[in-house]
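Per-chain numbering from 1; labels A, B, C and D assigned in written order.
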Amino acid sequence: MSELRYRDALGAALREELHRDERVLLMGEDIGVFGGAFKVTAGLLEEFGERRVRDTPISENTIVGMGVGAAMSGLRPVVELMTINFSLLAFDQIVNHAAHIHYMFGGQVRVPLVVRMPQGAGHQLGPTHSHCLEALFLHVPGLLVAVPATAADAKGLLKSAIRDDNPVIFIEHESLYGVRGEVPDSEEHLVDFGRARVSREGSDVTIVAVSRMALTAERAAAVLADEHGVQAEVIDPRTLRPLDLDTILASVRKTNRCVIVEEGWPHGGVGANLAALVCEQAFDDLDAPVARVSGADVPMPYSKPLEDIAYPHEPQIVDAALQTLGAAGSR
Amino acid sequence: MSELRYRDALGAALREELHRDERVLLMGEDIGVFGGAFKVTAGLLEEFGERRVRDTPISENTIVGMGVGAAMSGLRPVVELMTINFSLLAFDQIVNHAAHIHYMFGGQVRVPLVVRMPQGAGHQLGPTHSHCLEALFLHVPGLLVAVPATAADAKGLLKSAIRDDNPVIFIEHESLYGVRGEVPDSEEHLVDFGRARVSREGSDVTIVAVSRMALTAERAAAVLADEHGVQAEVIDPRTLRPLDLDTILASVRKTNRCVIVEEGWPHGGVGANLAALVCEQAFDDLDAPVARVSGADVPMPYSKPLEDIAYPHEPQIVDAALQTLGAAGSR
Amino acid sequence: MGAPAKADVARLPEPDVAREWLATMTLIRRFEERAGEMYARAKVGGFLHLSIGEEATIVGSARALRTTDYLVSTYRSHGHALVRGTPPEKVMAELFGRVDGCSRGRGGSMHMFDLERRFMGGYGIVGGNLPIAAGVALASDYTGTDEVTLCTFGDGACNQGTFGETLNLAALWRLPVVFMVTNNQFGMGTALQRHSAVTDLRRKGEGLGVPGMSCDGMDVLDTHAVLSWAVERVRTERRPVLVEAITYRFRGHSMADPEQYRTKEEVAQWRERDPIPAFGELLLGAGVLDERQREQIDADAVARVDAAVQFAESSPHPEPDSLYDDVYVLDRARWGTYSVKTTDPQAHPSSPAERQRDDAAQAADGADEIPQQMSDALLLGEEAT
Amino acid sequence: MGAPAKADVARLPEPDVAREWLATMTLIRRFEERAGEMYARAKVGGFLHLSIGEEATIVGSARALRTTDYLVSTYRSHGHALVRGTPPEKVMAELFGRVDGCSRGRGGSMHMFDLERRFMGGYGIVGGNLPIAAGVALASDYTGTDEVTLCTFGDGACNQGTFGETLNLAALWRLPVVFMVTNNQFGMGTALQRHSAVTDLRRKGEGLGVPGMSCDGMDVLDTHAVLSWAVERVRTERRPVLVEAITYRFRGHSMADPEQYRTKEEVAQWRERDPIPAFGELLLGAGVLDERQREQIDADAVARVDAAVQFAESSPHPEPDSLYDDVYVLDRARWGTYSVKTTDPQAHPSSPAERQRDDAAQAADGADEIPQQMSDALLLGEEAT
């Protein structure tokens, strides 16, 4: 085990996979000479050279599309988009092409492409640079979607993503890059897609939280325990496609209460999707409606106090959990 | 009242608004000389000339972006995208620009833009031309989203959309273009956004169905009544933003059962969103889990028999409704 | 037509090769004519975009490639599959939506594919294939081979953002790709001069670092000569080139196009330059072909297409339970839920009674208001009434 | 520096005008220097992109416009707001995220806006502003006015798909728009020759029907002369033009840029051509300005910026309950649910205790691992350690 920043865990995953497999190459805006807008790729150009680590022009749709073509031809490209907001420029290549090519050509060809990008608010980057858009990707069959919250998952999931034969949307979080965590040293430390992480066990309420919110939820769970005597079980799904619904359902069957926490928009978000699934599959086990805590349904404002209230913090999670408990027996 | 095809009702709305308001103009690929890929705009070039009805190059992102700029400057552009699948090329202008400009510039400027486009399967157009993507748009604050199912709504909602000061995503359905329906003749026949249409009253189960599925659901309701003695209430929300949740909830409070029907993908779809909202708001009124009927979670295949089973027909809706009834009292 | 110009004869390849070109153009023509008939008989669904009139651009360019080179096409790609050697049977079966189709019935007319023959696909999104072709070329470059990728697209596609993005990147990274604009004078119903400010499409790469040239796309010899030069230049100099092939689409954009955007006279004029008879005459005049051989070539093409239709007819439809196959590559132990099945495909109507009810319902909602064989017409808004 | 060349003097505008240009360039410089300080003191958050070194491109171009003309910019747009006449107070208040900011604190540095002064906005998406500018020009054309739109963007933006799409459409539709590339030699850390196959950016419009020209973006006179010509040509001939202004960004891309992609020598060389002292010298030499006036201009700028900071400091933060304002225009009777409020903004931490707990939490998840004023550094990955 080593203590690594999330950013460096990602960098280590890239470095190891570049070493392991000659077919892996990186492409993206300012990932080379500049070292990456968030420095995830720092040092890799120096180590692997211009053939494997490629600075691109600002042409998101084409960068991703070239990744698709290269992947179809046997390479394993990892494309970095500077933030998830710019992935909207590449949405055609991601959805109409990367996601559907394997199916539409009858399984003849594979698209082992990884598209990495960070999301998230908290740094006053305003309405064009702050959104959490995982819900747009989880909607699309053919994509895998990872949302790592810890350094260990960042590394293990990224390595798995690069080795996977499906196109993977790999969503990092800007506020996590500096967070340290224990990371297994082994070059074969892989984290499987479709296996949730139970970061805290508890019997009173299940809290499912994605991306950065997994950490916020853990802190909320500590408050619930310390101040309210409530034992929350905290689940980080790690990947939204595939989804480890079994782990979530098992927990809900135990706690009979469920709170879902996401940073993105509520209408048609991750929370709506999980709430629908949980209500469908565990209806008789629920003692209260599934509660959702989400980002506010607004473009992210620049103003610090407005931004602060536009995405969830512990108090909302604590409140939501207490509400599901207050509702117990009310039916 | 006149009996009009859905297509012609849309054409009439465009014609009337072009006459009424000099600021209205149309832009899109092949809407003029060709008369529109689906002939909605047929005859308008001849009637209004090249200034008001503009054929564009194949440049989706720029066509929408020009619509944004023109709308900011006081025009009321209506942009046609040939199908919703191509809107993914314009996703940046739709989300990062059209949806957010009013908010991000502090309310100083408005974007009264309408983006019209059809969606839907049924004609073997395969994996790049058949998807239903309303869920991608309803996720985004700042957009209004309309999904008219009848000729009268097509006309009335389109006229309202053109007169609205917000950017509107106006989603038509390819299989509805030929369907006839009664349409009020008045040039002031407007259908308000945010008011659902109850197309059939019933007390046993609420069926909420969007876009083309609203008609499929009506037929399923007839089968439920005729063959199973079940009285279904069928609700077409008409618009997904704003959403007339009140009408849906009132119905669920009466029937205690709810089925949601959509043609698009299930993961993070319209159904997930509505199911989450209904479960949250009417938890204690539900006698069975909210059931969802949706398109299959696959890129739409070309093969006729595969396409047939990849989107919902009446039997699935009937089954889902019966299931919610069978589940009654099982709690 | 008289005796061929000496210059033309001098440009002729070996007789065998010349005859093969004629045979392949003829096969493509006959194949597409038959596909059109099959469409009218509702054996083929969806859209059907024919390249009738453009065969010289297809054969002239593809024959400039080695078998190890790659070809990337658009939704108008039957000919591109055939010229690469995909059996007509598999192409026709794809049009029929059958399991033996070259995309297993999943893609249809717009999405042909043949990995083995390095035909890297037809794509339904205008402009979507350019970055993909550049990616294929990147892989060739990365692995140090001397393969070249030929990427074809239409005049209308030059206006798509990917055009500028991809040409710049290909020039910057010196990727071995030939960009070929099949300029058939229209993007759907929009004439070239109504969609592009610059109509001399060779020039489209000037600001992007990609030199351009043109060829006569009605002349397989000229197309072949120019493309051969371009392909070899790209192979050795490793810089992309843009080639405009000037041609004309004889048929509508797709099957039900009323073609109000052009005159019958214009079409007739271009039809006089039909590349297949023109090349046939040239070969006859040059003594490379006799009348009997010419008829044989045509008869062979027709027979081959007959066989293709028979094969397609007898190939089964995909099984319902294959619906979820190949959404994902699932080749080792897997966890989690990949797909959400809120409707079970097996549960869809299958009994005759249900099927009948469903058909009636379809009719009521307008999908089948019009006979099946006119479904394209419906989609294009032209109704049977 | 010696006496100015006769040619330069001959090009000078009226003395008042010349002094106004110098004053505006100075104001922009002083404003941005102060903004940088305010950023270091955590008064400003997010990204802060300065145009220091590029002032001549801003003033030279904007002064070629009439007040009825439109200007559309990028995320590097403080100067564009100021040159149009937006009070420095409102621009600084926007940087401070206050209600009196020119976008009411919603947009920040990257999203300035002033409808009244026809400054149609700064946009955070590279290339996103081109179609918008063309749309503004379309509206001018549609309503039959002779307004012109000036659209500025960077060398890096030329590689975005919208560049080709928009230039073609503007040429095809003869829209009154001047496209101006502010070529500051870099897109972030990527040098021009590493992101663009053609580095002579004038040529970028050649295949698109848009003629190009260049100007010396370090020389306000040359910039003004070329842009004036371009703007008037566009106004009368109603065809777009592309102008490349060759300049240099003296500071990092944004605040915490370590600038490893260029040498100190290169920066120093360009700094010798700093457009503000250069123009000052010219005016002095031409007798249009004396030393005292020059100092006064600078002192005025500093005073104005002082006032702007004071104004911004005293402007209130937006009220929490304004969070949902202006997501939609809601100006008449409305039905239905527009926004889904699963979290009530009022419920967020507000009591000191809660706020404290939240701060600690933030620190733990790394957001504030680094002092607030280094948040940009964090975002750029350069940590305080």
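Details
Simple rule for what comes next: a contact is a pair of C-beta atoms (placed from the backbone, for glycine too) under 8 Å apart; a residue touches a chain by one contact, two chains touch by 3 or more.
Because the structure is predicted, anything quoted here is derived from the model rather than measured.
For chain pairs B-D and A-D, the one joined by more C-beta pairs in contact is A-D. With centres defined by CA atoms alone, the chain at the far end from chain B is D. Once the centre of each chain is set as its mean CA position, chain A and chain C turn out to be 39 Å apart.
Distance between chain centres (mean CA atoms), chain B to chain C: 33 Å. Listed for chain A are residues 56-57, 59, 61-62, 85-86, 89, 92, 96, 103-104, 126-128, 141-142, 241, 265, 267, 271, 277, 292, 297-299, 301, each touching two or more other chains. For chain D, residues touching at least two other chains, in rising order: 103, 105-107, 111, 123-125, 128, 159-162, 165, 168-169, 172, 194-196, 327, 339-340. Contacts from chain A toward chain D in the complex involve residues 5-7, 29-30, 33-40, 42, 55-59, 61-62, 85-86, 89, 122-129, 174-180, 212, 215-216, 219, 223, 265-267, 271, 292-299, 301-306, 308-310, 312-316, 319. Those residues of chain A that touch chain C in the shared complex are 25, 51, 54, 56-57, 59, 61-75, 77, 92-93, 96-97, 101-110, 141-142, 144, 164-166, 192-195, 239, 241-245, 277.
Touching chain A in their complex are the following residues of chain B: 61, 85-86, 88-89, 91-92, 95-96, 99-100, 103-104, 126-128, 135-136, 138-142, 241, 243, 265, 267-273, 275-277, 279-280, 283-284, 286, 288-292, 297-299, 301, 330-331. Touching chain B in their complex are the following residues of chain C: 45-47, 97-98, 103, 105-108, 110-111, 123-128, 156-157, 159-161, 187-191, 194-196, 260-261, 317-318, 320, 322-324, 327, 339-343, 345-349, 354, 357-358, 361-362, 364-367, 369-370, 375-376, 378-383.
The touching residues of chain D, counted against chain C in their complex, run 159-165, 167-169, 171-172, 194-198, 203-210.
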